[in-house]
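The two complexes that follow have subunit A in common; it is paired with subunit B in the first and with subunit C in the second.
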Partner chain A sequence: MANATFPFPENLWIMIPEMIIAVMAMTLLLVDLFVAKDKKYLIAYATIASCVLAIVALLNIQSADGLMTFYGYFVYDPFAVFAKILILVATVFTVILSLDFMKDEENVGEYYCLILFAVLGMMLMASSNNFITFYLGLELMALSIYVLVAYQRDVLRSTEAALKYFILGSLSSGMLLYGVTFLYGVTTSFDFNAIGQALASTNASAHIAVMLGMLFVIAGMAFKVSVAPFHMWTPDTYEGAPTPVTAFMSVAPKVAGFVVFMRVLVDAMPAIQHDYTQVLIVLAGLTIIVGNVAAIAQRNIKRMLAYSTVGHVGFVLLGLIAANQEGYTGALMYLTIYLFMNMGVFAIIILMRRDGIQGELIDDFAGLSRVRPGYALAMGLLLFSLAGIPFLAGFWAKLLVIAAVIKAGHLYLGVLAIVFSVVGSFYYLRLIKYMYFDEERVTFNFIENNGMRFSVVVCALAVVVLGLYPDPVIAICKNALVGLI
Partner chain B sequence: MQEVLNTTELLAIPALPLIAALIVGLFGWALKETLSHTITTASVIASAALSIHVFTQVLDGSSYYGNFWEWMISGSFKVPVGMMIDQLTAIMMITVTIVSACVHIYTIGYMHGDPGYSRFFAYISGFTFSMLVLVMGNNFFTLFFGWEAVGLVSYLLIGFWFKRESANFASLKAFIVNRVGDFGFAVGILAIWYYFGTIDYREVFDHVETFVAQGHMLSFMGWQMDAITFICLALFVGAMGKSGQVPLHVWLPDSMEGPTPISALIHAATMVTAGVFMVARCSPMFEFSETALAAVTLVGAITAWMCATIGLVQNDIKRVIAYSTCSQLGYMFVACGVSAYSVGIFHLMTHAYFKALLFLAAGSVIHAVMAEQDIRKMGQLRKYMPVTYITMLIAALALSGIPPFAGYWSKDLIIEAAAVTEMGWIGQFAYFAVLSGVFMTAFYTFRMFFLTFHNSDRVPEEIKPHVHESPWVITLPLCILAVGALAAGYWGANVLHMPGVGNEVQGFFGTSIFVLEVHDPLLRLEEMEHAGSIGLMIEFGPLMLALSGIGLAVLMYLRKTSMPKSLAKAAGPLYTFLLNKWYWDELYAKVFMRPAQCLGNWLWQKADLAMIDRGILHGMIVDSVASGALRFRAMQTGMVYHYAYVMVIGVFGLLTWLLLKA
Partner chain C sequence: MLEAGFFYLFAGLAVLSGAGVVLVRNTMYSVLWLIFCFFNSAGLFFLLDAEFIGIVLILIYVGAVMVLFMFVIMMLEVNREKYKEMSLQYLPAGAMIAIILLIEFIGASASGVFNTETIAAVGHLGKDVNNTVEIGKILYTQYLLGFEIAAIILLVALVGAIVLTLRTRKDAKYQNMTKQVKTRREDRVRKVRLES
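Showing the complex of A and B:
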């Protein structure tokens, strides 16, 4: 080992965005100690600034595709850039949503630092091209989010949610690592591409080991993106977590998880595509059914949206099953649109605070159109979009993945998806019915916050504009795939 | 002087009323009454002025043909939007815009104070736009667009007083009956596209002759026929619906539920004549199908005769005129059917003036006697409203066909054309129908006229103090239209030479109407005139009959006023039969409405509620989804070990399946 030399890594500059986030996270942690309690919003602004800075850096790095650094453990390609921008945008929204919500918590500075650490983990995942980087990023993200979920530590359900998430998360990490050991045992590599090449030439005797590895790796990743039957933590955690954290969790980790999911499937497992496709079909079908059906029985809007997330994740999986350019484009498009839809909906939920209590039950939305017609309209648009009504953005998201999966030859899966998107539209439309046709049942004190209003407007506009004119974003998603396939 | 017309000017003609309609329709709630009617009336008057300018240019030989825009391209199916302006279009344009302008002015007085004032103006301006699109277009799509748009406005206006149940019923009736016709019309247009591969007038008409020579046949419900016959018959079904021809005439008398200006503009002068215009426009196609021409003649003759008989006994002033409209439309179709299209359009134009005048004058009367429409409760009104009296007399004389009023010139020619046509029994029947129709027309017109303005004074006492002549905004359009009712016939016949002979460019219409020489009744009339072989009956019969019709009305309603009652008693069943309009409504109620209602009820109760709602939806789908949702919720116990259990079972279940399968 003494002879092993590690020269200074080449191309380190492609990590500048990650460096910005890491340095800012640690700096803010220190600075936080010197900021007075009523000035903590400065930390939040600094968090937003660092995210914006990172986005600017990402957009300005000129690099050849597939450039690597850290001895090939970190890859930089359009695919990673696209995912990181989505993650950072989601983070900016999250911080805006947190500003008012978290202002009375203890040590709120740490809260923003934890968000930044989670972002760093996700960015590492997006750029990982081997299981080591992937796992590092994953754990950094997961550990930060466990704490974020438990942030209101006096609230019982918040800590309970975090503990459940932590225990089950550990189990899933165990599964992931178990799967990785099998793959390493067969191929003697952690590198996605190397594993892919090795798997193409393994003999039949290793089949069981490969299947075991594939299955456990998929299970580990499926847990992070809430694929049934690994979704059980989702409703409890979403309900218990502070609402801005729920919004964050429902978008950013899903993006990171799916990105690495796609990389693993495309780079490491092309040789066993037939087998993993069958597994994914079962998982996707189950996820779509569970997500859309279970949401109907929920009275708490956060739990309902948790199942809604599960349902949407099932749709994104359709793109992965199609396993071609159309499918992956559809999946990326879906994640992009989902970001705006969910952030908008959560912004409105957070706005509906009455006397310090969250408006969380769907009954609370009754008569909203008469109290706040603007919010009701925005909420209506977002919900219609989530339900996939043309011509709002959600329609195109669903259309792209369903068209892709049908073209790939899985007609029955497309039909199933359509049928259950009809079932699913029930609970979105029910909420609209409550808002527009029912009498007001409770009175609200709305949070007056321009930042959040801005988020609502941006999200609702995005849903409408992308719905009317989705082509440019579809083109961007297609270009982002250059690094992948 | 063969010149191309100015495109901007042509576009402005329909665009002005459209813009006015949009402004007043969308922002009418914010506009004052004065502003609403100023915008729309000014735009329609401007449109009328431009139309007259275009008309004079067309007289000098100018024309226009061009596409502005491809609305839709799907494979070989192209839907362009364009205009074709020729003599036929020009005469329609001035008729539509002038009558519309008069009605706009009239409406200012008539609808004053109505809560839907600006809505009404938006509708009638929108109607003017639609009608102009209908006549100015250069293909079957623009024709269809205009056709449906005028139908829509007609529906909206019949139900204008939407709080009245009878108005709602009438508007639905109009809409549904027109649906039947429009279905045929759409089939006709689709057949044109199927056989010709285009819907452009010029391209289709240029190819008709070769197309017929190729002898395309098709079998329709086991009936072999020429493709061209099928197309023409299908198109004519549309015309029957729109122009109130038997058996699709039932909606037209009921449409009188709408405000009177609408009855004048839409249900007398312009929209209902769209069918006649369409047949004349498609003369290059109808000429090649003897069957279709025979059908047009027969339907027109039956309508002309039957609606005249109904008109004899009606007591509602507007209904008398409405049945007269049906009947006169029948005359126009007879003219088209015997290939005298130019005469049909000529009658369309003269009829537009005097029929609009009749309706507007009737509206003036109704306005004066506090919305009473029953002529049995009027009488002696000439003392109170002289202008209305005189103008209505002019219109009545014109409708009866007394020279020199407008109706004489056109109607006389229709009867002569029907007399000399060589269509066998259909021709003879048509001749009989239109000839006897003249007598009835004169009688019912003057019956209505005498009962309203002469006879005994039967106006209820409480209304009498209110009876007065209408304001100038109402009487001015009456005077303008009276000029038309006086002079349009002489002008059309002797100045424009509208009843053109043959296909040479002798008459006004030139090449815009196509007639095969063997069909042309006007050519035959001319030959007979040269030979001096026209009988006295053909030449003077109609006038004699009209005069005797008026004479009978004088006798019954001026001299021996007890006669009508005893006559009605003597004719017992016949009188009831006519009074109940030949029982068409009852027949339709029995044959179509009841069964449709029964079927609808059955489908609603049994098929929808019982089977789909309770059986399939609640029995299978909703319940299983709901119970599934509850089961999923029950599985969500909140216990970590249950969750972990599910995960582990999931992984191992998949693993087992995967390995067993391999």
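Showing the complex of A and C:
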């Protein structure tokens, strides 16, 4: 290896979207110094512009499927492109939601830069085909998000949330690395494909080091996408973080985490599919139960949505258990639809911050339909979709993964998912009851702007349109898997 | 022969300074002993032809980590009396860890893995290989992407630390340079007509 020559990296142009994000993040960090405090929204606009630019660049990279750069440490395939577009779209929504929410905080410019750095980390995760890029991307993302969670430094629960997230996050990184060392010890490679081949050529299932490595790697990744029993940080962190950051955390890192999860399972662990499926079945069952049952007891809507995220993550896991094209398509579809549902719901929660109340309790929503029927309708649609009521987008998401997992021969898991989906709809419907059938208890003096209105409308429309006509997006998800399986 | 001599010199001083870290009362002296210990360990690495690890040990541990330790100790107010009482409290746990480590060391050295034939250094000694150059070659070629990401992670850590600690306090007074420069004579000087 030491004698191998390394010419200048080829195909660097497939990294252009990442370069745009990295350069823009660092440039904005400097430009921010020269922007007056009441003009910080310019930084936010520049952040949105860089995300849009990156999406355009992603869509315009032609005929590069399966290409690698940096000596095979960065891969470009439709799968990565799809994930990156989801992440960037989620970021654009997040920045729009942050505009009003964060404008009174200090150091607003750095807030947007840190979001961009987190996006860079997630994009690298999506394109990683070995544990080095994966881990470094993960840490870049996690470190930026720890800071974002603690951004309202004078709010006690924000600091507490960040500290909890940081300590547990470091622990999970440790577990992940520990698992990687086992896999490296057995296969002498960090590359997903090389690990897969090495495991296939030996009797891997019998090897205790392989099993330990697999368990620790799965545990580390499960933590990042908040799969039970590694979900403990989720409710506290979601509650304490500034609401736009919560919205961001509930979508973008989940997409990045699941994309890498799928890549590891498909590329590195096909030889031990039987073993990891058993682990995932237990995790998925537990996640669906814990998420949907624990959400019922919550009075704070951010905590409730945190448990709801845990529940939804369980459904996405079903797609990974099916481990075939249908399953992975379902998982990608689920993540796409979940993005719009969650961003819409969080936009409305941010609007509820009014007259000095946080607007995070379920009671604060009472009587919304009388005062603002439009927002109540949008919220109702989004909640129905989250609950999985037919002919809204959430229904198709659930249908695809459950159908895939039943076809793969795990009937009991499908039944469990359906039962707890019904249980879960209770707490979504309860919120609708508050909005439509209760008297208003506090006034509704919303501070609105066009950005918020735009996000709510787009998300609600997306949920309805995808619910009525999901086929094109399903086809896109299917195409995204071409390079993977 | 010369090498063995240096080995015993460095190893002996390392053990001595290690004991110094624990036995000295003043925390600041402990840190200084620890720095001395790191220098001796670095010397041991040099003897093994692992000059890169030796340099890194000095640069990072002595140059950065221990300086940070010193700052922390200077900021903390260490109460000697209380410290003395507490040290007995930790004795059982500490002794247990020490005994476990001792058993592990003895077990490892008795296992035969570390006999003279298998010492890695034996094969390498005298060969014309420069570790630093080789590590540099591979780090800036094959692992370049990881290296760059690590650089960005460090940048984020810096920005994050500053963002979370730097705040304008309401009760502190700040200098506003723009305001100072833009001040005109009329703003500050007032002509008062005194009745004579």
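In this section, the second predicted complex is superposed on the first by the 473 of 485 C-alpha atoms of A that agree within 3 Å, B and C clash if a C-alpha of one lies under 4 Å from a C-alpha of the other, contacts with A are read in each partner's own complex, and residues count from 1 in each chain.
Here is the rule we go by: a residue touches a chain if its C-beta (ideal position, glycine included) is under 8 Å from a C-beta of that chain, and two chains touch if they have at least 3 such contacts.
What you see is a predicted model, and the numbers here were worked out from it, not measured in a lab.
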| request: Assess the superposed three-chain arrangement around subunit A: do subunit B and subunit C clash, or do they fit? | output: fit
| Counting only touches as set out at the top, which of subunit B and subunit C does A:Pro235 meet: first, second, both, neither? | first
| Which of subunit B and subunit C A:Val293 touches, first, second, both or neither | first
| request: For A:Asp275, select first, second, both or neither according to whether it touches subunit B, subunit C, the two together, or no partner. | output: first
| task | Check whether A:Ile132 is in contact with subunit B, with subunit C, with both or with neither, and answer first, second, both or neither. | result | second
| note | In whole Å, subunit B and subunit C in the superposition are separated at their closest C-alpha atoms by 20
| said: Quick check on the complex: what are the subunit A residues that touch subunit C? | reply: 1-2, 4, 6, 9, 22, 26, 29, 70-71, 73-74, 106-107, 110-111, 113-114, 117, 120-121, 124, 132-133, 136-137, 139-140, 143-144, 146-147, 150-151, 153
| field | In the complex, subunit B residues that touch subunit A | value | 625-626, 628-630, 632-633, 636, 638, 640, 642-644, 646-651, 654-655, 657-659, 661-662
| query | In their shared complex, at which residues does subunit C touch subunit A? | reply | 134, 137-138, 141-146, 149-150, 152-153, 155-157, 159-160, 162-164, 166-168
| said: So in the complex, the part of subunit A that touches subunit B is made up of which residues? | reply: 163-164, 167-168, 171-172, 175, 207-208, 211-212, 215-216, 219, 223, 229-230, 232-233, 235-236, 275, 278-279, 282, 290, 293-298, 423
